[in-house]
Structures are given as structure tokens and as C-alpha cells.
Amino acid sequence: MSAPTTVAPQPSTTDASTSLTKPVNGKRADKVFKGIATVCGVLILVVLAAVAIFLLVRAWPLIGGNRKEVDATISSFTGGAATNFWAYVGPLVFGTVLVSALALIIAFFIAIGIALFISHYAPKRLAAVLSYVVDLLAAIPSVIYGLWGGIVLVPAIYPFWNWIAEHLGFIPLFAGPAANPPRTVATVAVVLAIMILPIITSISRDIFLQTPKLLQEAALGLGATKWEMIKLAVLPFGKSGIVSASMLGLGRALGETMAVLMILSPGMSYSFKLLQASQNQTIAANIAAQYPEANSLGVSVLIGTGLVLFVITFLVNFAARKITQKASVK
Amino acid sequence: MGQRIDVNHLNIYYGSFLAVEDVNLNIQANKVTAFIGPSGCGKSTVLRTLDRMHEITPGARVEGEVLLEGQNLYASDVDPVAVRRDVGMVFQRPNPFPTMSIRENVLAGARLNNRKISKSDADDLVEWALRGANLWNEVKDRLDNPGIGLSGGQQQRLCIARAVAVHPQVLLMDEPCSALDPISTLAVEDLINELKNDYTIVIVTHNMQQAARIADYTAFFNLKAVGQPGHLEYFADTTTMFNNPQNEEAERYVSGRFG
Amino acid sequence: MSDSRNDNSQQSSATPVIDFDKFKPTRSYTAARKRKDIAMHVLIVMAFVIACIPLISVLWTTLVNGIHRFNWDFLSHNMTNVIGGEATATNGYGGILHAIVGTLEITAGAMVISIPVGIMCSVFLTEYRQTGRLSRMIHLLVDVMSGIPSIVAGLFAFSMFAILAGPGTLNGFEGSVALSLLMIPTVVKTTEEMLMIVPNDLREASLALGVTKQRTITKVVLRTALPGIVSGSILAIARVIGETAPLLMTAGYIVSTNANLFSGQMTTLPVFVYQEYSKLRANCPVGSSASCVTTIPMERAWAAALMLILIVLVLNLIGRIIARVFAVKTK
């Protein structure tokens, strides 16, 4: 830079009385940019419509095609166990919901515990590290959970399931004998629980951290213990957040493919025997498993089951959304 | 040189709500005109219609006309972007662009308007604008530091330099000192006094002493009740406004017996 | 404190006499409360410890099992000329070069589609149409989209290409389309969040300088939000890079390296892991050499899983560092 001059330079003004009606440069870019943004916004609508249309078109033979051929395809899928679409998709829906609900039950309390630990118990430094660890857990691809579940967890968890079957076997849910290797709904539910843990944890943690300081101090000021304070102030405040977090976790578990595909020994029954193999199968894993060998009509059937899965996850996510909205209105 | 502004029968609406009613006002070139009045009377709203900044709020619209040196800002062939290049604005809270250095902040208007400027022209413009804003001596050695690192008062003067660098005819200031400490306020007030040689200045202020100190003319806005539209109650030169107002409401307001 | 013993003679007859001793907690009750507090503390800490076990186990087993075959030969070869459990000519057992190429290309394809669309969509939502029926509708559909199971995204891309490009079409780009369906909602949401926290003052400051709306958005608003957008996009990439199911049905699976995104099947790392896992063990017929390893598929699966975890973790780390280091201080 040159040495500063003492007299300030004057910019030469081209036109002192600028005309307001002179065309502004950049006006066209303005319009084009707005156009692109609008197109991209509307594109979301188009894409979702496209998803629905393409899936429906491809699944059409199921509805408008030859009923006999469809039923024959289904019966070849199941070895004659199911002869029409609803009989086919029924056990799959059952299996999907069973595994996901179980995963949610396992994950729920642990996730709330971790969230409380991070938000109210851990020292600040540690809490930051833990938050990171939870996010890390979410980042691990599902195929790796599948690999780990199939090779490490399955043999490791057998003694535990065996113990449960022996001691709690009188409960129909845990009716023995425990399958060995335990490629069972129970094991899959554990893996899915690990996978949805971070989702529930991170959302609940954020909600817990938002609990008004005033409420917490009011509770402590009355002489409440820390746990009583959490029960009085934090949990009621975060209730709707916890519910919607669980719903989102459930949505994730419902759609999970690889971990189920790589661990579960599938079956097609309405069975609650969690510790026995070949009882249930989920929609997503079934699609991935059947897909490579399916003919054109078979693919239509699988897409039909995919649509059912889409509707279920949509309903769950929608419920989660409604609950959060209701809470934020208040 | 500054330009005069004439406001004729201006109504301002937010959606269907009439916010400000029938304003008629002549703002003299190269003078400081202050807008005062109670909260919610629409003084900031009127200010923002002078460079069409109110249009950013969805649903805001005006009736009537605002003439800048005889040209209607709201004529159908006038682009709001062109208006804002002629009428600059300084805001309540200093708002330098956080991603830019001091130098880049000053050049923002010219650069973002996509004019190609040579380095020497840019250097000249930066120095001129910063000198114009009484900031040059304080920052000349650290032009490449982020603008956000300056003190509040310096940031506000940087924002003035940034507005001045576009070379407008009019400068609108929306409570430019309300976020500043007394010493910074003094610096900005001194600056306003100098700037009126080159620009027409319109300033909204909550502080009546400030209006009395710096303004040549003062407009007093008022509203009849909450939910009613604001209106221009009384307009006079500052001496009259504060010493001998010919309006009962204005007298009560400036003497502090308001409400 | 025994101020509960009131002096009755001074009481006016109207005020009831309160024996505060009645409200005093009993000693055993106080102890019970304390025990419960400690018990919950222990339970909460335990919940955390329990959650740590699988994480450590996953990372540790992947590292231990994967490191065995994780070498340059593994990274620089594909699976052509790999027969059973036999060693190849280079004394290796095949590798993941083709899967790395496939993963990078398919993910890049998904990025090219979803990042511009996602960013412009959120620009539309935050800068042009903040309220109204259209924006509410788009918000709702973005939420619906983020709930689409990944296998359904795969089915969609598969059906679309089957209808538009002929049945049985499998190529890398088809996988990119499936992944972008999963990625767009993430990008839209994070970008929108970032644009919302850009102070309105900056938009006004720029517009008041007579800058057009487009330049205000690109040079001030997007520029200020840039670190957040970049970091959000990287995290979105890290999420889809590990997707397996949709790629299984769209990109297919081959053993050789295919660098053409738009034609021919492509293998990605997660699909490779799954395929090797499904093989269980390799064939070592009688009379095969001593270097024949029957467990080689699992070893390859672990090594590829290690590679995948490394990629995901590095992406996560980069995303976080960008968010932290380049964060624009607005106040």
C-alpha cells in the first residue's frame, strides 16, 4: 500500500443525479436465480410424485394383472404357505413391527439414560465427548452392524438367551429351547436397538438441555434430590420430545434392511417365540433376500410389500411430526 | 450533493392493516431531518419506505408517492434496487458482513453490484469512505482484519462508510446510536454533522436530546391508540419543535409529559 | 430448628396453630429418597456404559479382524482372477479397488444431484417463500422423504430405470439416483437450519446497498452459512456412503473395475462387504496349495468394513472440523 495521503481521494462521480429508471444490472440473473430456486422447491413435489407413480406402475400387475399368476408367484415364494398378497404380506408386517417394537423397547430406557447422563450428570467436558460418541454410533453403516451382529454378537449372546430360555421359559415370549446359533428375532432386536439408540439419544438430549433453568432451580429449591428434580421438571418438559424421538427411532428400525438380512434366519409365521429361529421376517429384509431370484411378476409383488412398508413408516413418522408440532404450539 | 424528498399522501399497509396514515412531508436537501415519536408510531416504517426497504416484509405496500428530486420512487418503471443505490441506509444495530474484512465491507456495495474495480480505484474508494466516516485513522493499519472485530461504535461507522461508498444522495439512519455507548454516540453524531454537507440525512431517534443536537428539522409522529395507524402529528424546524411547538401533543412529548 | 414450638399465649384465637413437626420428613423417608437418587444415578451411568460396549466392540472387532488383510495389495486389486481361496498371482487374495471406485463414483453422482437441488430448495423455502401453502407442503414432503426406508428408495430407482431405460437396467447412476433420494431431505434440512440463523440484519444491509436479491443470497447469505452447509453436506454424504440395500438392487455387483457410472454394473464397499459375508467360506479343493485360505471371504469382508469405517469416520471428522474452524461469528 502507498503511504497514506493526507487529502482523501475523491471518487469521480459519473452522474450525480442518477436516473432511477435506468435499468439495473444483474436483473436477469435475479430472475434466473429465483426461477431455479422455485424449480428446486417444486422438484421435491415432483420427486415424491415420481416415487409414488413409478412404484405404483411397477406394482400394477399385482392389482390389475392376472390374479392367478400373481398367486402362483406368491406361492412359489413361500413354498405354498401363502397364496395371495395379503396372506403373504401379513406375516411380514407382523415380523417387521415385532422386531422394531422390541428394538424400541430395548433402546428406549438406555437412550433416555444416556441422554440424561449427557444433559444432567456428566461434567461438561465429558458431555461434549459423549455427544460425539453418540453421533459416531449413528455414523457406522448398517452393513457393519450386520457383519458384527452376524459374526460377533450371534455366538457371544447365545449363553444369555439360553439362560433366559431356561429360567424364564415359562413366559411364552421366551419359550425355549433357545436356538443355537441364535439367528433370532431377539438378537436382531438387540442390534436394531443399538442402531436406533443414537437417534433417540440425540433428540432427547437436545430437549432435556432446553428445560428452562428456572423450572429446575425451582424444583431444587424445594429440596428435591437430583432425580426428583429430573422427574419433576425435566421429564415432563421433554415428554413429547421423547415420544417423537422414539417414533423416529421406530421409523428407522422399520426400514432397516441389512442388519436383519445378515442376522435373522427368516420364517413366515405369526409367532412370538423370540428365542427360536425361523419364526419371522421383515418386509425390508425379505425384499433384499427375494429380489435377486424374482421374476418380473415377483418383483411386482416385492414392490407391493415395499409400498406397504412405506405406508407404515409414513404413518409412524407422521405421528412423530404431529406430536412435536402439538408440543411446539404450546 | 444531497437530494430533497417529498412525501405526498403516503399510506403504509401491512396486509390489510393500515400502519401509517396520510404522511405529507418535505425533507430538505443537505439537512438533517429527525423522526421522533413514541414506540409503534411508525417512524421507522416511514423511514423504510423512503428506500423501499419495507418491501422486504411480506405483505407490506404503500399508497401515495415519495418523490426523490421530483422522481416518484413508486413509479411502475422504478426498480427498488436502483432506489437503494441512491438512498443508503444505516441500521439500528451495526451489521458489518461477518465474512468480510474491513476493506471488503467498505467495498461490498461496489463489489456485490458486480462492478469491476481496479485495485488502485478500490484503495482510493476505501480510504475516501473510511475518512468520510471518521474511521480511517483508527483502522488504516488493519484493513484486512475482519470487520466484526471492531468495537460497536467503530462497527457502526464502518457501516456508514459502507453505505457512503455506494455514493448515495440520501442517507437514512434508523436509530443508529441506540446500541452504542455515549462516547461512540458522540463520534457518530459528529460524523452526521459533517455528512450533511454531502448528503440529505434522515434519522430516526428515540432520544430527544439527540434530535435537538443534530437535526435541522424534526418530524413528530404519533398514534391515537395502540392498534390505530400512526400519523405525522407535527413537523417543524428543530428550534421550534423543542422550544415553542405549535402543537399540543408535540409539546407534551418533548417536555416529557407524555402518556 | 425447633421454632415449631409456638408460644400459644401470643396467638390470636383466629390463626390455626400449626405443628410443623408433622410436615418434617421422617429420617427413614429422607434416607429412602437419598437411596433412590443414588440408585437412579447408578442406573443412568450404567445405561451409558451398556451403550459403550457395542460401540467399542464394533470398532475393535472391525479393526482387529480387518487389519489382517488390510494392505496395499488389497486396496489396489479387484476381484478378477480370484479363484476360491487360492492366492492370486500377486500373492494376494483379491481386493476392493473396484468397490472403492464404485463407492466414490456413485456417491459423487448422488452429491452432484442432491447438494445443488437441496441447497436451492432451502433457498426457496427461506429466502423466497417463507410462508404459505406451497412452503408448508414442501416442508411436509421433505419430512416424508426423510422417512423413506432406504430399500424403498432402491425399489424406486430400480422401477424408474426399468420403465424408462428398459427392464433389468443396472448401473452406477441408478444407485446415485436412489442415494440422492435419501440425501436430499438431509441437505434441505441442514441448509435450511443454517440459512435461518443468518441474521436478517445482513440481508437488509446488503439490500440497502442496492445489491440485487440474487447477489445478496449468493454472496452474503450463502457465504455466511457456507461452513454449516458444507459440514451438513459432508455428514449427509457420510450417511449415504454406507448404504447397502438400495445399491444391491440398482448398481448390481461385479468383480472387475468399472469406471463408467452410466453403463454396466458397479460394486460399492458396503455391497462388497455383504457379498463376501454371504459367501461364508471359500472352496479349497483337495490338493490345492498351502496358501489356500477357506476363511478368506470373511477376512475380506472385515478388511472392506475397516476401509468403510475409516472413510465414514474421516468424513465425519472433516465435517465437524469445518463446522468448528470456519464457523462465522455473527455477533
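Chains here go by letter, A, B and C, matching the order in which they are written, and residues are numbered from 1 within each.
In the analysis below, a contact is a pair of C-beta atoms (placed from the backbone, for glycine too) under 8 Å apart; a residue touches a chain by one contact, two chains touch by 3 or more.
Source: prediction; values computed, not measured.
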| item | value |
| --- | --- |
| Chain at the geometric heart of the assembly (C-alpha centres) | C |
| Pair exhibiting more inter-chain C-beta contacts, B-C or A-B | B-C |
| Chain whose mean Cα position lies farthest from chain A | B |
| Centre-to-centre distance between chain C and chain A (centres being mean Cα positions), rounded to whole Å | 11 |
| Centre-of-Cα separation between chain C and chain B, whole angstrom | 48 |
| Whole-Å gap separating chain A and chain B, where each centre is the average of the chain's CA atoms | 51 |
| Sequence positions of chain A contacting 2 or more other chains | 24, 26-27 |
| Multi-chain contact sites of chain C, meaning residues that touch two or more partners | 212, 215 |
| Set of chain B residues in contact with two or more other chains | 81-83, 85-86, 113-114 |
| Footprint of chain B on chain C - complex, ascending | 130-131, 199, 201-212, 215-216, 219-220, 223-224, 226, 328-330 |
| Of chain C, residues touching chain A in the complex | 33-34, 36-37, 40-41, 43-48, 50-52, 54-55, 57-58, 61-62, 116-117, 120-121, 123-125, 127-129, 134-135, 137-138, 140-152, 155-156, 159-160, 162-163, 167, 181, 184, 188, 212-215, 217-218, 238-239, 241-245, 248-249, 270, 273-274, 277, 298, 301-302, 305, 308-309, 312-313, 316, 320 |
| Interface residues, chain B side, partner chain A - complex | 1, 3, 68-69, 71, 73, 75, 77-79, 81-83, 85-86, 113-114, 121, 123-125, 127-128, 131-132, 136, 140, 167, 169 |
| Parts of chain A lying in touch with chain B, wherever the complex brings them together | 1-2, 4-5, 8-11, 13, 16-27 |
| Complex contacts: residues of chain A adjacent to chain C | 24, 26-27, 29-30, 32-34, 36-45, 47-48, 50-51, 54-55, 57-58, 109-114, 116-117, 121, 130, 132-137, 139-148, 150-152, 194, 197, 201, 225-228, 230, 251, 254-258, 261-262, 284, 287-288, 291, 296, 302-303, 306-307, 309-310, 313-314, 316-318, 321 |
